[in-house]
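Dropping the structures in below, format is structure tokens.
Heads up, the next two complexes both have chain A, just with different partners, chain B and then chain C.
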Partner chain A sequence: MEFWTAFYAISFYVATFILVFGLGYKIYQYAVTPAPLKIPTTPAPVTTGGVVVRLLSEVILFKSLFRSNKWIWLFAIMFHLALWIVLVRHLRYFMDPVWTLVVLAQPFGKYGSFIMLFGLLGLLARRMFVKRICYISSPSDYLMLFLLLTIGISGVLISFVTRTDIIQFKAFMLSVLSFDFFSWQTMPTDTMLLIHLASVILLMIIFPFSKLLHVPGVFFSPTRNQVDNPREKRHVAPWAVKKFETSSAPTTSE
Partner chain B sequence: MAKVKFDIPEFRPYPTIPILKPGVMKGNGPFVAKPDMQEALGFPGELIDDWHDVAIDKMGDLLKKYRSLRVFLDSCVKCGACTDKCHYMIGTNDPKNMPVARQDLFRQVYRRHFTLAGKLFPKLVGAKDLTRDVLDDWYNYFHQCSQCRRCSVFCPYGIDTAEISMAAREILDTVGKGQKYCNEIIAKVYKIGNNLGLPKPALANTLEGLEEDMKDETGIDIKMPLDVEGADILLITPSADFFAEPHIDGLIGYAKVFYQAGASWTISSYASEAANFGMFIGSYENMREVAERIRKAAIDLKVKRIVFGECGHAWRVGYSFLNTLVGPFDFLDTRYPVPQHICEYTYDLIQKGVVKLDKSANDHRRLTFHDSCNVARATRMGDKPGGQFDIPREIIKACCNYYYDMEPDTIKDQTYCCGGGGLLTDDLIELRVKGALPRMEALKQVVDDHGVTHMAAICAICKSQFSKVLPYYGFEMDTILSVHQLVSDAIVLTTEVKTPG
Partner chain C sequence: MKILMILGKLSLGLLLIMTVSGVSSGEVSMPEIPKAKNNFSAEQSCVEPIDLMRREHGLLLKHYRHDTMRRGIRTSEYSLIACVNCHVTADESGNYPTVHHGSDHFCRSCHTYAAVNIDCFQCHTSKPQESFSSDMEPVQSD
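The block that comes next holds the complex of A and B.
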């Protein structure tokens, strides 16, 4: 068994475990923490359907960000949309046979990576040169961008310049996915591929401990996901009922 | 009190990128609450010895109780969308007044104590221990947030700095470092029933005086009933409406509307206050206890409906929180929303033709409308989203011939706070004046372009704040009006009383 093959296979399992359970735990935590008061930023939808539309307009179109700052919006939407297309393209390395949609996404994903990199560089430039954003940035904010840039640049280099034995890599990945413990297919060891995968694994590991929590967070944000109906429907947290509306409390409970 | 010297910000001729002036608003913050006031609210009298541990415990407690806090602290990506949106940032240029930087004062401690990354690599992720310096920064800068929610409109995740500053103030109160202005007011509500400490005899006297004034003005007996059991409508209005200008003209407006509708209504001396400063200090317990007075007054006076007067944050507590805090209100007439805003009430009567208005009565005024932050971004009026913008404007337009909106990015849900909020105290006058800058700029533009003479508002705090800061920017202090003052001047009163509306 090749060292790198075993190392990356095991790292992949560990990273996936941390990502799934770490993120799962945070989502669980968000879901069970009550929102004791109605605080949607108004005007807000008055129906659940309206809230779904509002959330989708935030998640897909970054509506609030668009209203806020066109430059950040432009770079952010370039990065995120291209990232989705690139991710879809990458699915071909994880499935056999490959879905038609994924086949169709190949050219878009390949060239979309440049848009993704451009978006990232734009965000980095803002972080470095706009005084206000520079002021609020911690080292981790830069490192996150560098990590994503590393993933993007190494990926582009593999695709267009240095190349790798992608057929062999797919064989390795499929053997990892079918849990062929210690009989994994050998992984190609081109430097760029090692860098690309190592940075992706690192990203998966830090996901649940970093600001990447904005991904689940946006769905749980009470200012965006609450229906504006406080007069029509009483909304009260379990802890408030327990504290104030038990038999000894002055207010009658429902 | 000695006059505080500071530079009044200059109008910016065109939109500019703020230049950061770190530390320019660093200071000791507003006056600290006295021990007896703190204790009246259930908080320690002064900063306790083990404040650090108690503060961290309280933070953990709040994280379990408030999803908003948990999600907002985790989700920020430091994109910078909010950095130029806060009126205090625009007016002061202190970078800690950027919403994200204000949140980070709290977030850095959260990260240190409640996240793995902050425990292991504090420097890397900007995590910090809660030192005395950090606590002092909290006290100073979390009292430079008026909780107006403008930042939350622009945040891609809806992060609302108000939620963070409320949590910070709750923790500060819990360790014994409360703000004098807010906490003293809440203590007064518990003791007397309103923010001003106006006892029943004084209130009765004031209302009688107003009845006489209205009689002189109109020749009609328009009542301002107090503690009338069995009245249909309980009016809950900010106590500033009883004595301050221009608030009092708004109160007269409500009374005329009630008169014209032939409504049976009353004010309560027990719940003679719409304002609920429990909200500003982020204390669910205190907010609930203040709100409970309204419920009790409604039960004791056996009313059928509750109507709120013109007050911004009170309307937030009324509209968004009242049902949660002290509901359900199933003992009231279920045909009406609980509570109703006086603008909803008046607008309805205008629609029905019960209230008729003579627009020419306001021909000496050219008007604009200031959307109060809490009404605009935390509540609604009427059935449709955005009714909180349309209904007051419709009322104003029904009262006058000359109405002009300010710039679109300074009104409705993008409105700029007046700069007052729960910070409406003389010890923060510098902050209040500077924070009013963006609103004053927008006002200046409609004054120059359209000859606007007056700005109407539906918030007691906005009215008080503007009366105070308008002169700093070269406007007359009476430029600010109550919306119902316009109604009061334009309403066509008939002596023959109509059937109840």
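The block that comes next holds the complex of A and C.
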């Protein structure tokens, strides 16, 4: 068993564990946190179906961002949509046989990575050169951009400049996925691949402790996920009922 | 403390899942690559060291194509015909595998595994010269 193979395989297990359970715990935490006020930003949908549409347009199209700042929206949407395509392309390392959709995504993912990097550089420039944003930026904000840029640049380099043995790598990844403890397939040890994977592992570990939590968080933001029906249905937080309304407690809405 | 309790339980569950699937998982699927007919030389099995061939064969072919097609330099160094002649082998009944689907063809075995497109054989033949009958002999490259 080569050192790097064991090192990366174990790191993948640890990182996946932290990502899955950390994220699970945060989602649980978000779900049980009370939203005591009815505060949908108006004009807001008056039905649950309308809220679903609103949230989806927020999650997929970044509607609020589009309304508030066009150029930031442009960089953000470039990065996020290209990231989706790149992620779909990477599924080929995790399945055999490869789904047709993933096969078809290959060339798009390959060149999508450049759009992703361009978007990231735009967001980095925003953080560095917009004075107001620069003032409120913490090291963690830069770290996320730095990690994503490292992943993106090393990935592009593997794809276009210093290649690796992707067959051997896929065999390694599949053996990791099928839990072949200490009989994993040997992974290729090209420097760029090691950098690429190390930064992915770091990002997975940092995910549940960082601003990357905006991924599940957007679904829980009260100004976006509430139905605008304060007159039809009284909005009460359960803890408020217990404390102040001893008699004839109203039915809780959410 | 409560968090630690939850995490502890969850990790136990994960460990259980891992052991169960660890027991059930067999061999990892790998491409079944047909063996080539000859070694390139006594010291070397292919035209370049295997590690290099695995990473760069596409580039070598592309640069060779550029030299041949754009600059008129035709050598037998990285000739696609020679690759196919040595690497593509017939099955027991004498049939040559197709490159267009499946994973039996030498190139296809890895390219299907990694979902990589092969453009070469839209124009070039994917079968060795020995597979053609004498009346449709392909042009010799060298």
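Convention: the second predicted complex is superposed on the first by the 246 of 254 C-alpha atoms of A that agree within 3 Å, B and C clash if a C-alpha of one lies under 4 Å from a C-alpha of the other, contacts with A are read in each partner's own complex, and residues count from 1 in each chain.
Convention: contacts are C-beta pairs under 8 Å (C-beta built on N, C-alpha and C of every residue); 3 or more make two chains touch, one makes a residue touch a chain.
Every value quoted in this text rests on a predicted model; they were computed, and no experiment measured them.
A.B. asks: Looking at the overlay, what does A:Ile166 touch: chain B (first), chain C (second), both, or neither?
C.D. replies: In the superposition, A:Ile166 touches chain C alone.
A.B. asks: Taking the superposition on A as described, I'd like to know which of chain B and chain C A:Pro34 touches: first, second, both or neither.
C.D. replies: First partner only, chain B.
A.B. asks: Looking at A:Tyr135 after the superposition, I want to know if it touches chain B, chain C, both of them or none. Which is it: first, second, both, neither?
C.D. replies: A:Tyr135 sits against chain B, while chain C stays out of touch.
A.B. asks: Under the stated touch criterion, name the partner, chain B or chain C, that contacts more residues in chain A.
C.D. replies: More residues of chain A are touched by B.
A.B. asks: If you stack the two complexes on chain A, which partner ends up touching A:Gly49: first (chain B), second (chain C), both, or neither?
C.D. replies: Neither: A:Gly49 stays clear of chain B and chain C.
A.B. asks: Which partner does A:Asn69 contact after superposing on A: first (chain B), second (chain C), both, neither?
C.D. replies: first
A.B. asks: Determine, under the contact definition given at the top, whether A:Ser221 touches first (chain B), second (chain C), both, or neither.
C.D. replies: Touch partner of A:Ser221: chain B, not chain C.
A.B. asks: Once the structures are superposed on A, label A:Arg92 by its partner contacts, choosing first (chain B), second (chain C), both or neither.
C.D. replies: In the superposition, A:Arg92 contacts chain C only.
A.B. asks: Just chain B (first), just chain C (second), both, or neither: which does A:Leu143 touch?
C.D. replies: Once the two structures are laid over each other on A, A:Leu143 reaches chain B alone.
A.B. asks: Sort out for me which residues of chain C touch chain A in the complex.
C.D. replies: For this pair, the touching residues of chain C are 3, 6-7, 10-11, 14, 18, 21-22, 25, 28-31, 51, 54-56, 59, 110, 112-117.
A.B. asks: Along chain A, where are the residues that touch chain C in the complex?
C.D. replies: 17, 21, 24-25, 92, 96-98, 102-103, 106-107, 163-168, 170-171, 174-175, 178-181, 185, 190
A.B. asks: Once bound in the complex, which stretches of chain A touch chain B?
C.D. replies: 26, 29-30, 33-39, 41-46, 58, 62, 64-65, 67-69, 72, 76, 123, 126-127, 130-133, 135-141, 143, 206, 209-211, 213-214, 217-218, 220-224, 228, 230-232, 234-237, 239-240, 244, 250-252, 254
A.B. asks: Under the stated contact criterion, what part of chain B meets chain A in this complex?
C.D. replies: 18-20, 22, 63-68, 70-72, 74-85, 95, 98, 100-101, 104, 115-117, 121, 123-126, 149, 152-160, 163, 284, 288, 292, 295, 319-321, 323-324, 326-328, 337-339, 376-380, 383-386, 388-389, 413-414
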